[in-house]
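Would you mind keeping the following structure in view while I ask a few things?
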Amino acid sequence: MKLYILGGDARIGFMAEGLQREGYTVSGLGLMRDTIPEIMPEEGIPGADAVVLGVPCTRDGQTVFAPFYNGLLPLELVRQLSSPGKPVLCGMASGEIHRRFASADVPLIDYFAREELAVLNAVPTAEGAIEIAMQKLPITIFGAGCLVTGYGRIGKYLASTLKALGADVTVSVRKPRDHAACRIGGLKSVETAELSGCVSDFDVIFNTIPCRIFDAEMLSNMRQETLLIDLASRPGGVDREAAEAFGIKYEWALSLPGKVAPRSAGEILCETVRNILMERNL
Amino acid sequence: MKLYILGGDARIGFMAEGLQREGYTVSGLGLMRDTIPEIMPEEGIPGADAVVLGVPCTRDGQTVFAPFYNGLLPLELVRQLSSPGKPVLCGMASGEIHRRFASADVPLIDYFAREELAVLNAVPTAEGAIEIAMQKLPITIFGAGCLVTGYGRIGKYLASTLKALGADVTVSVRKPRDHAACRIGGLKSVETAELSGCVSDFDVIFNTIPCRIFDAEMLSNMRQETLLIDLASRPGGVDREAAEAFGIKYEWALSLPGKVAPRSAGEILCETVRNILMERNL
Amino acid sequence: MKLYILGGDARIGFMAEGLQREGYTVSGLGLMRDTIPEIMPEEGIPGADAVVLGVPCTRDGQTVFAPFYNGLLPLELVRQLSSPGKPVLCGMASGEIHRRFASADVPLIDYFAREELAVLNAVPTAEGAIEIAMQKLPITIFGAGCLVTGYGRIGKYLASTLKALGADVTVSVRKPRDHAACRIGGLKSVETAELSGCVSDFDVIFNTIPCRIFDAEMLSNMRQETLLIDLASRPGGVDREAAEAFGIKYEWALSLPGKVAPRSAGEILCETVRNILMERNL
Amino acid sequence: MKLYILGGDARIGFMAEGLQREGYTVSGLGLMRDTIPEIMPEEGIPGADAVVLGVPCTRDGQTVFAPFYNGLLPLELVRQLSSPGKPVLCGMASGEIHRRFASADVPLIDYFAREELAVLNAVPTAEGAIEIAMQKLPITIFGAGCLVTGYGRIGKYLASTLKALGADVTVSVRKPRDHAACRIGGLKSVETAELSGCVSDFDVIFNTIPCRIFDAEMLSNMRQETLLIDLASRPGGVDREAAEAFGIKYEWALSLPGKVAPRSAGEILCETVRNILMERNL
């Protein structure tokens, strides 16, 4: 099976090498890996069984996101060179892009929406958050009072990893089910609604809830010594101006996997893309 | 707040004591605990803010399940003595019973259907299963090759507990998402569809999937040394006759929480019932 | 290399099979394993590069401990059949026996005195103790208040295993160093000298200290609900008569590895014997 | 009880605050903490029940190590102001200094030689090492192939912490006892003597052995991608010139506790000093 991989950040190069090791014949452009032959899209796309773009596939809606390539690659070109029925795999495609490819009978598959990717990305995200906490705090994670807001994929893995490091971990949750899950995982839990009453108890707070939990009122209850690390994607869970006004030590940590562990993040993408290909018998 | 608690197995007595410690005024019948005053339903139910029955609430569909009470307590009597709007909490009520109480405007609430109870019950279930394995195997759990089929609430907790004991744990799953979740939890995983090819590799197998995975064909691939512990509720996941024919060591472990840890199981019921009462401001 | 293995309990048979799998040519007597050829000592010992006896090697000081053999095997016979320089490996040999073999230039090596055996035996000992606690307690290990007295090999492994199961574990120690070691292992600690003040706080107590910690005074401070499991070898750490008088639930758990996991215990012996043989280039 | 604390790095200020919280009346000089009253040695030392210096107590053998104090404090002054029988606690005192104080009947106690301090310091050391690995590696610790050389206090804690983070951990050891201890701790082990045959298998190597294990020959067997973090104190375990010549990514990480977690390191010193004082009924 032949794959053509176009653009993307450092993760995509490692993903390409992973797919090559899995037995795929891989070529591409803008990957920064000597091990992957470079050919132009005009040659690569028509000869490929599947095309893979980066994450995001585009930033401007017009050109393929390809920071390591010196030139512009129109997304429209990818569509035109693709054959009906041959899939294009990409990350974070908008509805508009989906419609454009669908109109040409090119199956556009967003690997970034796959659940296994979200599960696996919790690992580099949590490690990146812990690395930040280690750098910024004058204390060890061992023994530190840690609050994790939210008990989704990232919250779960982060909380249990902090506990494995010896931290004193509390998770803020809203459902009796999640209080129970915390308990059997050896974690303390607190009602999210009652957070303002205990938010001053912690040395470090990791927010994973993608809404404005840390508004001015919540921030006014915090101690200045407490480090606040926001893992929620845009618009984030913290009122940044209020945090600054109160002198809160605040870090907005976005897109950690690609930043702190591009090779591991690339292997996670590799595994996800391979699952998609295998489900299509590619 | 006054509670009247009627019947049930050993767990219900411990539940009653737990609710008493939480500050409720508790009386009951058939509880086997000296600490709970005994009064008859005719007096207890009308005076109570809520009535609590055991799990199951009835076995014959007619009388309250009350193995520690020498006499018959018709379920109909409970309904008649209950006041409209005052809740009756019970475990595993059938649709017919729900309808009967609804027709009298008595809210019937099945605490056994609550998610936090299912989460918490994974603990005594897993410990009970591990106790059986310890008793039946000539080897330690440490280092034992363990297969856990299914990655639901029990499968997850059981697998991670076996790993914590030093076992070599594999989980059989069906979704890429669950393979990923196993990996980040430090567990091996295998496709359920490919189980028959590796089922002879294990020292002990814990089944948590409530359908007939272990049919004659699967059993024919097992080694006789392997211990098979079935945690699936009726009808179970194992063809019992075939297991016997193949000489497989087989244990069907039903309703473990009440058997292996009635006090802990009672405290779990207590917490669940208290959550229900608090949500109703009782 | 040829080994001749004589007598011993169920562990020795599993040890013999393990050594066979490692590549040794193994024969023996009184092993109860079909896989090991049976020959008499008169033939087996002179032809062997090393002889292995059970643990203990003798109970009466005169005959080889061989419960699965219908007959008496004088220890003196082993000595007479052994060649100078060819080692005899055994468990728990007295000074008198050592002297007897030394006088014939037969190296007698006590494998039971090896440190790696003591380290590895902590695993079946701890699992056996936990199995007893699971059987005797009406609560789960998860959440149970556990006291472990002593922080030697067994205490360390037992305490960390109980913690891995979710117990609330306290260890009684005497040195600042051990308090520190408990803390970094996530365990609470208490001064052994101050034990009587908190001994009523626990659901289960595991004693690993081989001296009379649990005398009448200490026992008088315990609750009757608390389970006391004594893992100390003879004479044990508990005043048994006082325990009975106070109605304390008491279990003296001796020689757990051979009882609860003979196959694993045999593999541990196998590994220890193999280390000894390899150090002697056998 | 009155303590006078003189000089030292950031840890000593946190130690002073900790001792204040424990109930001691603390004054000092060169501590950089607003909470501790500053007085000169001429006043502070004669009025104190014990004097505490930093770690090391001196760098030049003549003056007290006091980087936050603008001036020179002769060690001889401390000795002259001290009263016979009143202890001086310090870190890393030479034999010469010990003799000087002994001649004046001033008990000089080296808190840095205490075992509990060595045990507790393993935590910030391990976390500091992991922080470096997180920063320098393009992969997550989860899944990383890690080698820890040596299984002393730091090696043990570091190896088990890496395992808790999901790493694939191997420890190099030399005794059968330590191979056994690794196994029951869930760690792989390799003979230190056979290290050169497998040193290319790892993504990161943490050296804790204070002798030249990583000489030119060992380094010649390593991959350039492998990160080598040396935790051994001077002269370290790595031939630095050879490492540079082979292009090995090498980090010599000395005195991590004070660098990565001065507050936690100070609390560890506080606990150790308090233990010493309590043993002297101070």
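When the chains are written out, they are named A, B, C and D in that same order, and each has its own residue count from 1.
The rule is simple: contacts are C-beta pairs under 8 Å (C-beta built on N, C-alpha and C of every residue); 3 or more make two chains touch, one makes a residue touch a chain.
Bear in mind the structure is a predicted one, so any value in this text is a computation, not a measurement.
J.: If you walk touching chains, what's the least steps from subunit B to subunit C?
T.: Graph distance in the chain contact network comes out at 1.
J.: Which chain's centre, taken as the mean of its Cα atoms, is farthest from the centre of subunit D?
T.: It is B whose centre lies farthest from that of subunit D.
J.: When the centre of a chain is set as the mean of its C-alpha atoms, what distance in Å lies between subunit A and subunit C?
T.: Here the centre of subunit C sits 50 Å away from the centre of subunit A.
J.: Express in whole angstrom the distance between the two chain centres, defined as the mean CA positions of subunit C and subunit D.
T.: 37
J.: Which positions in subunit B touch two or more other chains at once?
T.: Each of 123, 142, 166, 184 in subunit B touches at least two other chains.
J.: Can you check the complex and tell me which residues of subunit B touch subunit A?
T.: Interface residues on the subunit B side: 114-117, 119-120, 122-123, 157, 175-177, 179-181, 183-184, 272, 275.
J.: Quick one: which bits of subunit B touch subunit C in the complex? Just the residue numbers, please.
T.: For this pair, the touching residues of subunit B are 123-124, 127, 130-131, 134-135, 137-143, 161, 164-166, 260-264.
J.: Provide the residue numbers of subunit A that touch subunit C in the complex, in ascending order.
T.: Contact set of subunit A toward subunit C: 142, 166, 184, 186.
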